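Chain naming follows the written order as A, B, C, D and E, and within any one chain the residues start at number 1.
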């Protein structure tokens, strides 16, 4: 079990994030480039010093600024797999994996069986005598993992472990890595900027946005209940945040958002609520629509992306207030003569929204 | 109009790709990491020498190995925007953009209005006196573009121009860049590994796979008629390649593929044909299905990824022969008690396939 | 023959002559308004090499006959190369005298750190000759020269290094020229004289060079050096005069 | 595990102590001689000497020649360093080693070598005198001698500096119509500036301290070829203390220049101000 | 446009010519003296000299002392270079400059400085003699003098080499239980090996050629403190040709060692074989 509160100030950037990671499960730290993911990992590892906060693993207090405590990285029981693996290019696979054992004082002789076993469990026993500089990306990734795991760390830290791999290797490695992480008894913190990886690996997911935790929870929770624009964009839906409008002559349940008033099909709670609208629930019109769609926005088409497979559906990004993502069929594109820069109305029904608080 | 045939041998890698890029349009070179995209761009730019082949732009023969011709990069009318932009960190935005003009002998005085105009057209006129080392990713990208465009190149080369940008900036810049490229009179070669970018930018798309052209054609063609496993994976569908089975006691139209025999709903042509099956057309069963699904495969669940938004559908990767991608609903996952490692039958009807040659 | 409005005289002189010759140069300049005397002070052997290589020199003053002979053999010397000064050897010990040496006989004491110039250097050759002469005298201990040489910890390439080592107290005693004990050095060392009968006289020859640009001034300078004034100044700098009147005697 | 960690900590502590001892040893080796030299000088002698016209002349000549030599070394070393940094060719290692050789040559022998090459009877002597150039016993000769011994230091540093500049900037320049030379001048040199400056500083220091090759090749004529180290040598003939005073003068001078290269003039001023305050 | 391109090409051509001229100038400056030195020697004299026991002794002593000095410089320079490369602290630039200073000191003065520091009456003389260590007039003193002049070259190169090693490897080592010292020994030094080797080679070359400081600090005693450069200087006192022969011997010796460091012993053997074939 990891309990961390990480505070670090940098030139134009500040990280302030608190989260837990239970032992035996994988916690994904997801966020865009520059959100502070690597900074967080370095603080957990002890490669950088906290400005405030603490890092507690099990009963061990690795860092606690208020108590003036900072265990340097090499005295923490961690395993870190860096983004580009950082295998020692002058050493063989064996020496890379044995490095930590030797550094903690074990003779080469003792290290050998442990290294062998770890390489075996990762299916790369055959590589043991290869120079590390001559491995493919996927092999490097596994050696880096073996190097960390052979020390049986209490906390495993993975920094975008798949991002240096090409598309096909990545797909192949992803499933294996997931199965492996499931078996590990330690707490794992997995950093990624890929929504897909977050969903595949995250028993728990912590979304970082500009150094802050934008949302944290289970995979289900994030998918169904995004609570920040970033998470909404991550899962590809449209999010509104607002407060219920009460009193007056209002008939349908309504909330007031920063962008205007939104009609719902259910009574919202008394407090702030979140509303998502799936891109498929939104319809585009050349003329302002009458009829049953209660929520209408006017905007300009910024971009049109055919969706794989086969491009039967097209994602349209509409510069309205707010920006809306709309998914329409290829036929709709043709009949509306959709082009970038065109002004359109986007509408969705009160029944098309999901409301939660 | 660019006509290129690029041949280059490297240690363990060989590029051999021929393609055209019409003036006034964007040709996307797409391929996974290590496919040879950057190598191709460097050959087009003249930064490296061809081993074989030629580069012809309009009436100018920039390189032709059989004629012993090689114009060095600085004598070609190109614009190259590198993956990490490579802005000169010791120069201001103005000096970066004016660099090419000054290098070709124009006095500073003459350069100023041209630089100003180009920056204006990219909406970054305000940055003109900033040091290049102090720009955000999106700003750098635009300055790099301005630096290339101010020289009015006959061939514009973009190497993953969006990949250094974070998610949100990338989305914002993508539309603008697309609009800008539409207006340019020169031929543009756009390199990317992102299928989405290929579909957004590519008037024509050239798919590189291990140094070879796997498929080239229009966006439509690629989406609807993938002709290589790589392209199929790119557009997210399942592809089979085979020859019609003729004669004998066969009733339904059938083709023989590397993986076995496939039943179709239409008579294939006489020659090699391609067959795609959309992930949604495939159904999963715990027991071998009877009934109308003629094509059945047995395999192990390698990975399950909830699909954004909201995870209502789940992509299942099945290790069968071949690997199949199947999209099922969340309800199906629950009722089948789907788990990674489980053995399952995947089936699709002859009517669920699209056949083309 | 140089149609120069401000004629210059270039004198190549052994570095040990620096002080004396600078004074003499100033005197000549005072006597000959408009004349500039330039010096190139370096090791005699360096100077000889430079003259060989065509250095623009008018006068060469060597600290050793050998290098003068070398230059002469190349046909660079105009006329004679008279000896204008002599030098003799002394033993110097640091003022603090850590080895408590009060006489030449005590140089044989075991563990005394003695420095000499190397045999290839004139001073080194002379030092060894002195030791032999002393060994042949009865008042000095048995096998005097060998026992002193056994105490030698360094054979310097340059007499000045001998001076420095004694001056800094690193060596207990050293053989140097009398002229090396300048007032600045005298503050740090004590001198033990070597009796004339056992001493060796080093000779300083001087010559006008055939390639001289200003032979007339060159001859004047040589004359000045050998004149009474010149000889007085040389003596002030610790050298033994060898005036023009007396014919040069062999040591 | 605990014992292994304990051992690790002990080992680390021992290593730290050993490292500190070694580093301290070097500091003593390099620092103590400089300090004791400075302690030995008589401020009165130093003050007198500084005012002596001959010394001022030597100092000025040293400055002029060492700067000229550095300029020669920089100008001619840049293309060589560029070549070594960017091209692969046969015999490259041999060329590198040849460039390093002047360092091994005892300086006086270097002077002899220069005489046999560029002296009146030297290999190139005829060609040079034909062109009306005399090197021995001229200020130009001093510059040549200093450049000879100082060149290896600049070429080595510049080469390393060039190699550190990311290739992508040169590629960018090439795609922006810059000829290789234009790119060298506008991109490579500015980006490698810190390394080039450091190399130039080292070269300059070596040229400034040059003695043996200079006195042999160029002689020791006040105002023409007598640089500070030669003045030190002459002082050494009669007065060790004066020689030390002059050396310290030379040291202070080069310390100032080197520091101002490293810190930039403004920061140097600040450091000096701080030092002055502290010494009050 | 065409004219601009034409101009560009002309400019590039001019620049290329200028660059070639400058580089050629440097090659002449450095190469011609070496060549004319080699041409001047009498092979007979050289052959005789090589067999002389005194010369062999000096060569052996040079080898031993210069290697020892290099070892001292490397051992004590590594932690300093590590500190300069990885830490930021007040006075860092000043420290760097101080380390460079020995280069400016005329070698003889460097010798005097060493005497005033480590001599019998030097600042540390009492402490040293208390510990039973004598430096002047001993082989150890030669090593100290050589280390003093050679240290700046190694520290500078090692520091640059360390800075070039990607931080990520040190971070990786730290996350693998390696103490900073363990990481230095097992990661940083192996990865910076080329730069360290180059620095050590330069240092060694400088130590090998050292003359002024050695003779002043340690004196000249065959078998004890008479290294090759000292033998060269003494030969210079009597026989220029012998001195040149000895210098060339020294040059050949260091050329072999430097080349073998650069090429590795096997490739050196190949180069020599090629040279031998070519000379037949």
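We adopt the following convention: a contact is a pair of C-beta atoms (placed from the backbone, for glycine too) under 8 Å apart; a residue touches a chain by one contact, two chains touch by 3 or more.
The shown structure was predicted, so the numbers you read here are calculated from the model rather than taken from an experiment.
Graph distance from subunit C to subunit D, where chains that touch are one step apart, equals 1. Of all chains in the assembly, those touching subunit B and also subunit E are A, D.
Residues touching across the subunit D and subunit E pair largely coincide in numbering: over half of the numbers involved belong to both copies. Between subunit A and subunit B the centroid-to-centroid distance comes to 24 Å (mean Cα coordinates, whole Å).
If you average the CA atoms of subunit A and of subunit E, the two centres end up 54 Å from each other. We define each chain's centre as the mean of its Cα atoms; on that basis subunit D and subunit E are separated by 14 Å.
Each of the following residues of subunit D touches two or more other chains: 8-9, 11, 108, 112, 122, 177, 179-180, 182, 233, 236, 240.
Among the residues of subunit C, those touching two or more other chains are numbered 49, 164, 168. Those residues of subunit B in touch with two or more other chains are numbered 74-75, 103-104. Within the complex formed with subunit D, the subunit B residues making contact are 42, 45-47, 72-75, 78-80, 82, 84, 86-90, 99-100, 102-104, 147-148, 151, 157.
The residues of subunit D lying in touch with subunit E in their complex are 8-9, 11-12, 15-16, 19-20, 22-23, 25-37, 39-40, 72-73, 75-80, 82-83, 93-94, 96-110, 112-114, 116-118, 122-124, 144, 147-148, 151-152, 155-157, 160, 164, 177, 179-182, 184, 195, 198, 201-202, 205-206, 208-209, 211-212, 229, 232-233, 236, 240, 243-244, 247, 250-251, 254-255, 258-259, 262-263, 271. Here subunit A touches subunit B in the complex through residues 32-34, 137, 165-168, 171, 174-175, 178-179, 193, 195-196, 199-200, 219-220, 223-224, 230, 233-237, 276, 278-279, 302-306, 308-311, 317, 340-341, going by the rule given at the top.
Against subunit C, in their complex, subunit E makes its touches with residues 112, 115-116, 119-121, 136-137, 215-216, 218-222, 225-226, 230, 233-238, 240.
Taken together, the subunit C residues at the contact with subunit D in this complex read 10, 12, 15-16, 18-19, 38-42, 46, 49-50, 52-56, 160, 163-164, 167-168, 182, 184-185.
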